[in-house]
Structures are given as structure tokens and as C-alpha cells.
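See the structures that follow.
Below, chain A partners chain B and then partners chain C, in two separate complexes.
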Partner chain A sequence: MNPRKKVHPALNVLYVVGLVLFFVAFMFPFAWMIISSFKTQSEILTMPPKWIFTPTFKNYVEVFEGQDFLMYMLNSFVIAVGATLAALVLGLPAAYAIARRRLPSLGFTILVARIVPGITFLIPWFMIFSRLKMVDTMPALILAHMLVTMPFVVWVMIPFFEGIPNDLIDAARVDGCTEQYAFLRVVLPISGPGIITGSIMAFVFSWNNFMFSMILSGVHTKTLPVAIFNFLSYSEVNWGGLMAASVIITLPVLVLALMTQKYIVRGLTAGAVKG
Partner chain B sequence: MSRWIEKNLKWVFPAPAVIFIVVMMAFPILYTAWISLTEWSMSAVTPAKFIGLENYINLLGKDHRFWMSVWRTFYFTGLALVGETLIGLVLAVMLNRDFPGKNLLKTLFLLPMVATPVAIGMVWLLMFEPTIGYLNHFLKSLHLPQSLWLASEGSALASLVLVDIWQWTPMMALIILAGLVSMPSDPFEAAEVDGASAWQTFWHVTLPMLRPTIGMAVILRSIDALKTFDIIYSMTQGGPNYATETLNLYGYNLGFGYFQMGAASSLLMIFFAIVMGVVIFMNWARKGALS
Partner chain C sequence: MKGIRRSLAAGLTLVMAAGLVLTGCAGRTEEKPTTTTTPAASDPAKKPFEGVEIRFLASQHPWTDTVKKDIAEFEKQTGMKVNMEVLAEGNLTQKLTVELTAGTGTVDVFMQRPLQEAKQFEKNGWYADLNTFAKDAKKTPAEWDMNDFHKGPIQAETVNGHLVGIPLVTEQQIIYYRKDLFQEKGVKVPTTMAELEEAAKKLNDPSKDFYGIVMRGQGNPAVTQFSSFLYSMGGDFVKDGKFTMDSPEALKAFKIYGDLLGKYGPPGVLNMHWQQASALMAQGKAAMWVDANSLYLNVTAPDKSTVGDKIGFAQFPAGDKGSAPYSITSWGLSIAKSSKKQDAAWEFVKWASSKEMVLKTQAAGNPSARASAWNNPEGTKSWPKEWVEVAKKSGEIGKPSDRPLVINVGKARDLIGEIITAAIGQKDIAAIAKDRNVKLNELLAEENK
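Up next, the complex of A and B:
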């Protein structure tokens, strides 16, 4: 598909230089974040930067001692897992029905969920959750995060379920089992890759979510993005601590992304490219 | 019982999701629409007072800050999309070729878009810092003029666009790359037989075939770009002096900063209509371009 032509050597050099520049530009902020997290405040404030320095772990110690970061991590994790599992329970059968029973209007409604600006929901939610005394509780946050995770799971799974051959389901039904049983025993097991894609992305979206958590969380349910943002409110910015906190929050997602990259590519490009 | 479920699978399977959508989405949108017709400061003592379309009239007719935020929303989205599409196209073409370490590189390019936006915002905040930030130091070492970045009203929004481009160009590139890889080889062979140059082939064969893919990617990206919140709020909160206050930020500030729930709700309804309008328009333009 890629016609091999004789390429001028100068072009080849340009090509390699270009790739390296892209690589440096896109990786630099991560490198800067990690390097700065091991520097003292005065080293960070020094320009030109010192590339060789004695790394300090003080920032990391401070983050965990100064704030209840372990609890924020746990909160983020519980909410992300909860919002992902709930999205699967609700989203998988819905996606199956949309894909196999042709329910375009429901598919469209779920697409609209991606389009509506999130704050539109926040005012009513905040009121209702306040009235039910549910602000600052896990269920409220999980429900709110499901608004992001559930449509995404459905969005990823519809093409997957559409691609499953009818014969497979028919065969199961000839054997006398109901369609819902076939869904559980035949369809779901072979949909592993799709479910993994949907789950990983749902988890990442929930873990990263800032807006819903900022309004609906409180002392007991504060998540990592909100905790990091609160760092800024001190009079003098503690850059080292801020960078250490940023490393702590991004590292799990980055590791997850590196381990499961082929699923993530599929998830992010879902719907844009057929096939 | 199980036979009944099977017969009504069409209704039973989506039911939990539909209930969720009605309770958590449809009802809140209607509620916001209602609040947008009232004056209310979220007080439990003073109930919402119905004032008809006054909030809309105030916003559309008298509020300069509103129109500025509309302009900024489009400026941010337009600039980001142009940058992301062009750079993404270049990157995709470069990645559509085998070289050692290609898969690792592709994986690393995923990181900007999965990394937590608030944390990314903090890193860029440090890099943008006019005196101690790395970017100005870098410009200085190249003998280029330095910038105040987020600290100046003139450059703050463009600086945020830069962060958005950094975050989302890889996604554009990966989508375009998937389009490139799935192309049939016949047209390229025909072009080669006809003696077309590499540039001619790209311009007349590759690009037209990529159009549907790019079109879809642009639509998906613009939905999210119009609604950008995390990066902007965590880095500037709309400042300095409202210079980065987009519609999403203004809506948030009205609602949760000033507790003017009525005005905030009417802004959000307009915002929703704008995003919807952009999606419908782009979809229409995409279909027009295809036929």
C-alpha cells in the first residue's frame, strides 16, 4: 500500500530529525514533571535549569504527610471502578439491544450524552444530591461519573456486537437456550477485547474527571484531581510538591496505557474509522 | 419468565440504561431549562421566581462578557482544530512507514491524551511561568523573543490552545493513521504507473481518500474542544481579567461562583444549542463534501 520509491538521502535525514522533534515535543512535559518532582523549591526556581542534581524525595514525603493523599487515591480508585462496573452492567445489554434489534433512536440519545456540556447536569444534580444529603458520598460521585463512562461503553460496544455473526447466536438458540442466556454465555465471552477497551477507557475518564468531582465531592470523597488543584490555593506555590502530586496521579494511568495500548488505540479511534 | 424476557428483549435489555438516562440526563436537562426561566440564587428560603425569557434577553442583548466568551470558545476550538489536524496529518504520514521502535513510539504518543488533564495543567503552568518556566528559557537560548504566556491577556488563550494541541494532536494522528493503513493499494499503484510524483499522489489520491476519516475525527474533536474545562479551569480559572473565559467557564462561574442559577442555566441552554448546532453543521458539511 505504501509505494516504495527512491528517497533522496537528505529527505531521510529530515524525516528522522522530524520524528525526533515530535518525540521530544510530546514527551518533554512528562520528563519535566518527573525531573521537577525530585528537585527542591530553590532548584526549581533556578534558570537555566540544572540537569544534574541530587534527587530529593522530600516532595513525595510532603505530599503524603501534608495531605491525606492515600485516602484521595483510594477514593479515586473506588469511584473509577464503581463507575466502570456500573457502566458495563447498564451499557452492555443496552449496546447489544441497539446493535441487534436496531434501536437507532436510543443510539442517538446516547450520542447526545456525549454532546451535552457536563455542567448542564451539575446544577440539577447538585440540588437534588443536596436535598437527599448525598453530596460528598460515593454513590453520588459514581452516578455522576457514569454519565461519562456509560455512553462510552455503549459507543465502543455497538460496532462489536454488530460484528458478531448471527449464526453464532442462532446456533445457541437452536440448542434451546434463550437469547439472554446466549448473550451471557456466547456473546460476552467472545467480546472480551471490546469490553476491555471500554473498561480501560471508562476507568481513565473517571479517574481523570475533575468537574463533577469538584462540585459533588467533599472532605470524605475528595478525588485526586481535586486534591491537586487545591495545592494551588496556597500563597506561594510549592512547585516540587505539586509536581510530585502530578506524578502520583498520572503514573497509574500512564502505566495502564502503556500496558494496554492496543485497546486504547481502538477505544480512542472508535467510531471514526470503520472496521 | 425467561421466554417473556426473550420476547421483549428489545425493551428489557436497554431498560436499566434508559432509566439512568431519564433520571440522570433527561430530567436534569428539563430542570435546567426550567431554572433558566427563573431568577434564583440557590437559596432554600427564597424560591425561584419565574421571569420568562429575561435571562436569555439579558445574556444575548446586554452581556458583553457573554459574547466575549462565545468568541473565545470558537477561537479556542478553531485554532486548536486547525493545529491538531495539520500537525496530526504530518505525524500520521510520518508514522505510516516502518522503522525500528515504531510501535513503542506510537504507544508513547498515547500518553498526552490519557494523562490526567489537571496534572498536565499543573506541569504546563510551571513551564509557562514567565521567569522560572522552561519555555521562556528555551526561547531565550534560541535568541527568540520571550512571552508572558498565561500571565498576559493577549497570549493566555493562545497558550491554552498550545496545551490542547499538545494533548490531542496524537489522537488526530492515530485516527488518520488508521485511515491510511486501511486504504486499498490499487489507486496508489495506478498513480505510480501514471508517473505521479509523491506530492501529486498525496494531494490527489491520499488526501481525498482520507477525507471521511478526517471529517469524522474533526467532528469528534470539536465536540470535546468546545467543552474544554479541566485544562482552562485548573490553569487560569478564566483569567487574567476574563481573557480565557470560554462559555463553559462562564457558565461555571455564573452558577457555582456567583450562584446565579437562572442566568447560568440559560447560558448552558444556549451553550448546548451551540454545540449541537456545530455538530449538525459539521455533519452536514461532511456529507456534502462526500457526495
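Up next, the complex of A and C:
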């Protein structure tokens, strides 16, 4: 350790205590969720909570047998992937144009779509989609989810593209590239980390989106966050099933985040000029 | 570089392909042109609603589970196709609000909570008036029998003279108590408010983490369970068009409710909805629980309760003006005014609320509003005998509402809930009640403008 930066030991202890406190505070609900998903209803509600018990897989069996959970998962996946890809296709060129041509007002307009509460879009959307007979179809949901994913991709990518030295692009132009070609062949290949960061976050936002899915989905397109409410009924709450379903919903996002963590970190540290 | 371009191209193709495939699938939900204006009742050989599709938005509820199983049979009889979507109750309201506001005729039949929504939905013009169907001999045969329904539930489903829904499920407030402990300690099952308090006091034993009574203590949800106390003390939420939450009767009721929970209730009661309250009862940590009888499985089912076989049921105790529990219609079935297939929709509603179906749904554990189901032993076989007696009695004497019937029910419940939580906190409630009552009347004046 650098001797000049020596910290007071008390501060160090405080730092560790703070870390532990935060860790416990954030992990407790998560731990409770996972533990509860292996308990029976009466064990879950026991106060004080039991830490030692015989785990049961009944809840998980119930989730997959009692409902079409695999279908809901597939729906969520198709919609999230679709909305993310569509956001990339439209969002990457948009972000590049905004960054290169310095069009902050355009960038701001896209951001406004994200700031306005989503619910304001719902009634007009519903009217449009129902006239087009598109309610309860994947395209409608993907389009709706793009409202969440696209501004995100654009706003992650603007600073990223701004960070790419103009010299690089100018060099490509001198060699005879068109602007579009330079974007495709020079800029995009070195933007991998930014694109991955943006897509993962967009995917997660779409995966978790509840409001749009609830109103615009139906029997054929129900997504996981909507389906999870099936465990709350008028006169009873199936806590075990609810927790098992929550674990199932969280798992893919968790795996995705862990798998791609190194890309995200690399995206934050790597220099842009290396292509 | 080539790789990136290729994957981008692949991505684009995928999106487009997905779009194509899925729009293709969408054909399944497409509406058929309306052919329902001439039901071929005169021609029994032909199925009257062949090829008609209706969309039914239902709530996650045991009633729904029972009906779902028989829908295929209904479809076979009528040739109709029922597209049923089941949602959690809060989500159902949100979805209905969006779809009915859009008014594009996407919803034909829906489940609704009359006390919570009827007034607002009716004001927005979302209900078809079912009187036009139920009182039309051509559309409704005599054996469907409107008079078989209890009066209270029909009253609850009537707004401005329009029948906005057919009552499906009813519930009453009762006392759940621990038979074994009452016997052991020689405590009488309470029939009056004084006896209720006495019993709670005697059985309360906080040193052993055991409490005399548990009820909802969260302000807003507690209002419905407080209503029976209010009625039994001779009060009401609204009298002659004005809120009366500061009347002497109301103050007495607040005090009883607050004292029960404040003195003999569990710690943390202010955060309790029925889920937490029933959990305490189910774990054998409370001697009594006062709440809706529809929730009984939460404390009697073996997989949920450690004391399931020791739970007794008793009628709501008498106050100054006798025992007056609520007996409410928690769910009803309605037809959307914007539906273009109202005749088909009525065919479905009529079937789902017919004597046979109601007997079936009640036998499966959903207390109905039909006298015929209650008088048939088949209709009450799934419940404990004591429970049936209490439910029947409460249904006869009960009040049809458990909350103030205003448009902005949630806001009103919040305000009344604040008085309840103050009472549980053993504060002097006279001033708070007076203040909230003024605010409640302002709310009411705003709505009547």
C-alpha cells in the first residue's frame, strides 16, 4: 500500500462494517426469498423464522405443473430479446448521429420518452393496438418494450461514441469510407463493450417490465412478471409458490449478469483506440 | 468486422421473421364479425351462438377455478368460444380501466367488486344494464329465477336503478376462536361486545407470546372489518348524505376496536392486514380472530395451520343495537357496455349464475347469493357445520356494505383508517375523528359536484 495514503485504522474498520451492513441489508430479502422457496406455507409464516428445516421442492413442482411457466418464460425471453435487438438496430445509428453531429436536443427528445410516466402511453397504445388487432401479440409487446430499451441504448452509447476520437473516423473517411461505412466497419467493431453493457441493461429492463406487459399481453403473450401475480389470490397468498417463481424469474438475469460481468468491467476500463 | 455485420444482419432478419410469424399467430384471437343479434332460440337443432367468441376477464379466485373446469361444456352446448383471462385482483382493475376507457369493445364479460368499483364504473358508463336481459322473458327463462338471489347482494349490484352485475360470491364477518382454550379456561364464547372484550382480556398472555385477539390493524384495510363494529353500535359511515365518523356511536365503535387491539392485541398490529393476522391465528398465537368467513381455510387447512382442528366459528357479537355484521358481495359478473356481443355475453353470465352452476361453485367453497344453494345440503357440504350456521344467520341479518359507498373509496378508507390506528394507539380520538370527518365530507362534496 502506498504509505502516503495510509488511512486511520478506525476508518478502515468503519469501512468494513459499512460494507457488511450494506451487504446484509441487500442480501437479506434475497436470502429470505430463496430459503422460503424451499419451505411449506406454515413454515414460511412461522415467527421467528426457522433456519433449519427439511427443504421441499413442492413449490417448484407446483410452479411448473400448475401453470404454463415455461411458456411465460419463453414469452418474456422472446420479448426481451426482440426489444433489445430492435433497440440496437435503431438506437446505435441514432446514438452515433447524435454523438457525431452534436444533436443534444434530439438526444433529449428521446430521453423525454423515458421520463414521461409509461402509463400515459398505455391508453392510446391500447386503442391503436386493438384497432390493428395487435393486442396480445408479440410485435405489440416488443414495440411497447422498445420505449424502455431504446432510450437506454441511445443514452449508454452517446458518451461511448463521443469518446471515440474523431481522428479515427476521419482517417477512415480519407481512405474513402462513407460516413455509414465508417460507422459499420470502424466504429461498431470497437464499441463491443458499450453495446454489451447497453444490451444487457436493456434486456433486464424489458425482462422486468410489468406495466406494459400487463395491459398489452393476454393469454398467448403473458410474461413472467405478470404471471407471478397468479400466486396472490383473493383469500389466500401462496407464499411458497410466489417465492419459487421469484427465484425462477431472477435466475436468468443473475446468470446473465455474472456471465457478462467481465465485458461490462472491460467496457468501463478499456481504451477506445485499439482497433 | 465481417462478423459484426453478419450478426447485425442476422439480428435484423430475426426481428422481422419474429414479427411475421407472430402476426400470423395473432389470427387466433381475432374477433369474428358479430352475428349475435339474432339468437336462433326458435331453432333448437342449431347451436345459437356457433362461432361467436367472447372475451372474459376474470379475477384469480377459487370461484374462477371452479367455473373454468365447466367452460368447455358450456362451449359445447352453445357453440360459443370463451377466451378467459385470469388476473390478480388489483391487476384486473387496472386492465379493465385501460380497456374500458379505450372503449374498443375488447372486453365482453368481466368480474367486478361491486363495493369497490360499481359506483365509479357506472359513472364512467362502462356497465351494460343487466335488467334489460334479466327481465326479458325471451332472453332469460323463468327457471333462472331472479328472486332466488338474496336481496342485499342485488342491492349492492344496483347503481342508479341499473343492475350492473350478477352477484357471485358473498362473505360475512365472523369470530374465529380457539375452542380448546375457551373450554380450558372456562371462557364463554362472546355474544356481546362486553363479552368479547372480557374474553380477549382473560385469554391474553403476552409473557408467553400469546394474545387475546388479533384483527387487521393497518388503517385502510381495517376499515371493512371495523364496519360491523360501527353498525352494531348503531352507527353508519354516511347518514343523510353526510359522513358521521364523529357521531357518539362511531366514537364508541372506534374505542372498542382500538381497545381490543391496543390492549389485548399482538405487537406490530398496526402493520397487519388479514394475511398477518390469520398467520398468527394459524400458528396458535392468538385466541380470537375477527374477519371475513371466506378466509377460513387460512386457519383451518392442515398445511397452513398448526391448530386447524381447534378453530371454532361464532356470529359477530351484539353491540348497543344488536349484532349487525356486514354480509357483502365480494364479486359479481358484469357485461361491458362497449361489448359488441352482449347477447352472447349474457348467455354466458346467465349460465355462470344459473342455479346449477351456483350450486357447483358453492359446493366447491364459494359462498353464493342464491337461496337455493344455501337450502340444498349439497351446497354446504364442503364447510364445517358450525361455519354454515353462522354464515346463514349472518347472511340473513347482515348489512350489504362494509365500506362507505363513495367513488373515491380508497381515499375515504385512508381517512377513516387514520382514526382506527389512533384508537389502537390508545390516543384520544374525539378530535381526530372530528377533523377526518370534515375532510371526508369535503371529499363527498367534491364528488357530488
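Basically, the second predicted complex is superposed on the first by the 239 of 275 C-alpha atoms of A that agree within 3 Å, B and C clash if a C-alpha of one lies under 4 Å from a C-alpha of the other, contacts with A are read in each partner's own complex, and residues count from 1 in each chain.
Definition applied: contacts are C-beta pairs under 8 Å (C-beta built on N, C-alpha and C of every residue); 3 or more make two chains touch, one makes a residue touch a chain.
Bear in mind that the values here come from a model prediction, so they are computed numbers and not experimental data.
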Report task. Give one word, clash or fit, describing how chain B and chain C relate on chain A after superposing. Result -> clash
Requested in this report: Classify the contacts of A:L122 with the two partner chains as first (chain B alone), second (chain C alone), both, or neither.
Outcome: both
Query - First, second, both or neither for A:V154, with chain B first and chain C second - result: first
Requested in this report: Using the touch criterion from the header, give the chain among chain B and chain C with more contacted residues in chain A.
Outcome: B
Query - First (chain B), second (chain C), both or neither touched by A:L85 - result: second
Query raised in the report: Which partner does A:S42 contact after superposing on A: first (chain B), second (chain C), both, neither?
Result: second
Query raised in the report: Just chain B (first), just chain C (second), both, or neither: which does A:R185 touch?
Result: second
Requested in this report: Name the contact category of A:D136: first (chain B only), second (chain C only), both, or neither.
Outcome: second
Report task. Kindly classify A:G18 by the partners it touches after superposition: chain B alone (first), chain C alone (second), both, or neither? Result -> first
Query raised in the report: For A:G176, is the partner it touches chain B (first), chain C (second), both, or none of the two (neither)?
Result: neither
Query raised in the report: Between chain B (first) and chain C (second), which does A:G218 come into contact with in this model arrangement: first, second, both, or neither?
Result: second
Report summary line: Note: overlapping chain A surface for chain B and chain C spans 45-47, 89, 122-123, 127, 215, 229, 232
Requested in this report: Could you please specify the touching residues of chain A with respect to chain B in the complex?
Outcome: 1-3, 5, 15, 18-19, 22-23, 25-27, 29-30, 32-33, 36, 44-49, 89-91, 93-94, 96-98, 101, 103, 106, 109-110, 113-125, 127, 143, 146-147, 150, 154, 178-181, 183, 204, 207-208, 210-211, 215, 224-225, 228-229, 231-232, 239, 242-243, 245-247, 249-250, 253-254, 256-258, 261, 264-265, 268-269, 271-273, 275
Query raised in the report: Okay, in this complex, where on chain A does chain C touch?
Result: 40-42, 45-47, 78, 82, 85-86, 88-89, 122-123, 126-127, 130-131, 133-139, 142, 184-185, 188-189, 214-215, 218-220, 226, 229-230, 232-237
Report summary line: So, in the complex, the side of chain C touching chain A is made of residues 1, 4-5, 8, 11-12, 14-15, 18-19, 22-23, 25-26, 28-31, 59-62, 83-91, 94-95, 98-99, 101-102, 104, 106, 275, 279, 282-283, 292, 294-295, 297-298, 303-306, 330-331
**Report entry** Residue ranges of chain B in contact with chain A within the complex
**Finding:** 2-3, 5-6, 9-10, 12-14, 16-18, 20-21, 24-25, 27-29, 31-32, 35, 42, 90-91, 94, 96-97, 99, 105-120, 122-124, 126-127, 131-134, 136-137, 141, 166, 169-171, 174-175, 178-179, 181-185, 188-189, 191-192, 198, 201, 213, 216-217, 220, 223, 227, 229-230, 233-234, 248, 251-252, 255-256, 261, 264-265, 268-269, 271-272, 275-276, 279
